[in-house]
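Each chain carries a letter (A, B and C) given by its place in the written order, and its residues are counted from 1.
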Amino acid sequence: MTTFIKPSAVHEAQPMAPHWADVVEIVHEAEGISTYWLKFQDKNLAETYSFLPGQFNMVYIPGYGEAAISISSDAEDRTRIGHTIRFVGNVTRAVSRLKVGDAVGIRGPFGTPWPMVELEGHDITIAAGGIGLAPLRPAIYHIMNHRERYGKVHILYGARTPNDMLYPEEYALWKENDIHVATTVDRADDTWKGSVGVVPMLFYRYRMDAPKSAVLTCGPEIMIRFVIFEGLARRVPADHIYVSLERNMKCGQGSCGHCQLGPYFICKDGPVFRFDQLEDFFNVEEF
Amino acid sequence: MIAQNELREVLQAIPWFGELKPEHFEKMVSISSVHDLPADSELFREGDRQDRLYIVVEGRVALDIFIPHQGKLRISTAEVMDLIGWSAVTPGVRTRTASAQTVIPSRLIGIDSRGLREASDEDVEFGYIIMKRIAKIVAGRLMVTRLQLLDMFASPE
Amino acid sequence: MSQEKLEIGSTYALPKAEFDNLLARLKEKGFETLGAKVDHETLVYEPISALADLPQGYISEQKAGEFRLKKTHHKRYFDYIPGAHSWKQFLFPSRQELFTLHKNGDGWNTELPDVEQPKYAFIGVRGCELSAIQIQDGIFMREDFTDPTYAKRRQNLFILAVNCLHPAETCFCTSLKTGPKVSPGFDISLTELEDVFLLEIGSEIGRLVLQGLPLEASSAFLLQAAQKGLERAEKKIQRELDTSDLPDLMTKNLDHNHWQEIAERCLSCGNCTQVCPTCFCWDTVDTSDLLGKETKRERVWDSCFNPSYSYYAGGNTRPTISTRYRQWLTHKLGTWKEQYGTLGCVGCGRCIVWCPAGIDLTEEIPLFREEKS
């Protein structure tokens, strides 16, 4: 188990009570997906709050409840926190009605991060699907902020249609930072000049130095399964494949029991797991 | 048309051609041609009688299917080292099932499909290498198609 | 005797008639005394103020799916085996306010509930129940996450434990090594003999509560009687759960076809999780006023048998009864060990008794050792 770091935005007296943050900007990303930029009302907390790439916050809308949302901004940008949110549930649909200036409750950051320090010196493949790019974006920022610490970096990203792709205006910046970017969509019409297909397919199209490579992946569970399959087929070691999983996190602190997967509480022992931790459970149906 | 020695170089750069014996490689040279095409060049259309199997050396080729009243739907793209038109060498299927066109400037190797079929029938060792490669491509295409069919990014509701 | 200094670890005899004075002592020290009472033909844990409140003369007959309280001719107070209630409801209430919000312009003011928590004295905690409390301690008072309500109530808690002399047919504490004799962790433990209660002091507060009561030194005869009673109780427990291959048996049989066979009987009602003294899953509920000016957020018990338990934006991870039952049992007898160092079962038998379909885990578990078909 990793050493426990006390999350910045959790009240000692009642860990379930939120800290309040104001919505300072809303950016439309795609149909049904927006990024909410937040700033803590408590000035001290706004300065001291910190997170690691891959961690999440519990976002609370009074009367609706909380949802676990990964943090999708640069961990080194301490001025504000970004959450890219897809409106699919009760809470996130309430989020979609927020306006700039409204307050939301925040607890966090929770969960395990991407192993950015351990992976220094490695080649990295980031394989993301759909909204799964959001929890990987802080890892991309981290790589760009410390580009010299990593070898070859590949970003493989797939979305449903060209209009569903997240952060398209940033791909040029990634490429400028010597990152190989390959994108694909599930479906398109004949005006689309890019690739059509799925993320696991993108592994076919470049050479990987497997022993010194790591794969970081997040997206639909079915996509993750095939990404792992492609990684293992190229002989990337199971302990160099990292997966961020989603379950119904409720408390964020391994107490309420909801997000269990085998012996793990995904909110506390995850969301980022090394694949060898999951091997026994990953292919068990409906576990 | 480019020179023979340049064609050789292009073929030698394809990793799986390394599996071929020298005489098989020579056979490939004799039935292959290099095609440098600008964007939006048509390779073939649905219903065409097949003539070539293509290997993408550079660029991107899209496979489209025409749906009445909906227009063309882009079902997949082939990129560097992908094969296109594998139905050219499978028994039974003899017409194109999709249309193919370049979407960016591309370099392709075209392999005469009749020549390839005949050479495979004559020398099954050669034919086996070709069929293994085609089976791999078809398996990959099938995996992609299954994942597309699942519509994995759709909302759960 | 009463003037001598009592010692932790020593055992003394208290005349039964003096027990009310013990309860009075606890009240004086600010404890609310809780114990078993007969209510609507079953047993509940409620406030008690006198020995007479306890179910004197009762025994409880328990079978899979069956609980019958019976009045007998004997005069003992602690011969009953507890009902559906466990002490869990007092340390980890089934519904509890987390905070209330009041609208203030564009934002919200947070009001936390009173930090003061009740001071409880549990009267009649069985060995299995004490183990269950200790298991929940590890869940709610972790180094990296402490539940403030639980922690406060637990710190305040006084435990008067009881050695079980008349276990029920559904008891299997001997398999889990939680009873019938209570293990350390109590303030006082009690063994009921015909005329006296034998009291062992387990803590300083236990000693202070007893100091000054008319206690007698326990004679060798009394100690032997208690010992014999415990030996008889142990022999009486016939039900067995072989734990030697747990937790592996669970994690290695996730695809066993027996899950489906259980699911054909299981109603997914969640009774087992509600009566289980270690089950700890909870959910949150917001209740708002119609004007949207006030919202109360509460913590409520949840159950892995509720369809909503495994629901998230990606769908329901456990849509069938067999997958939910599998989650419950593989957690309880499997992955719990990796999470908290022990199994999640104490052998109290509540899940067997209160299952409307009479599903009995001690009968189901051996079937997982048989070949998968």
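For the reader, a short list of remarks on this structure follows.
We take it that a residue touches a chain if its C-beta (ideal position, glycine included) is under 8 Å from a C-beta of that chain, and two chains touch if they have at least 3 such contacts.
Treat the numbers as computed from the prediction; the structure is a model and nothing was measured.
At the centre of the protein atoms shown, by the Cα-centroid criterion, sits A. Of all chain pairs, the one linked by the most C-beta contacts is A-C. Chain A and chain C have Cα centroids separated by 40 Å. If you average the CA atoms of chain B and of chain C, the two centres end up 68 Å from each other.
Mean C-alpha position of chain A lies 36 Å from that of chain B. Counting partner chains per residue, chain A shows two or more touched chains at residues 88, 220.
Of all residues in chain B, those touching 2 or more other chains are 156, listed in ascending order. In chain C, the positions touching at least two other chains are 313-314.
Of all residues in chain C, only 98-99, 101, 106-108, 110, 112, 115, 139-140, 142-148, 251, 254-255, 280-284, 286, 288, 292, 295, 297, 299, 302, 304, 309-314, 317-320, 323, 326-327, 331, 335, 338-339 touch chain A in the complex they form. Contact residues of chain B toward chain A in the complex are 39, 60, 62, 64, 71-77, 79-82, 103-104, 140, 143-144, 147-148, 150-157. Across the interface of their complex, chain C is touched by residues 4, 6, 13-18, 20, 22, 41, 62-67, 86, 88-89, 92, 101-103, 105, 220-221, 246-248, 250-251, 253-258, 260, 262-263, 265, 268, 280-281, 284-287 of chain A. Interface residues of chain A, counted against chain B in their complex, comprise 32, 88, 129-130, 159-160, 164, 184, 186-190, 192-198, 200-201, 204-205, 219-220, 222-223, 226.
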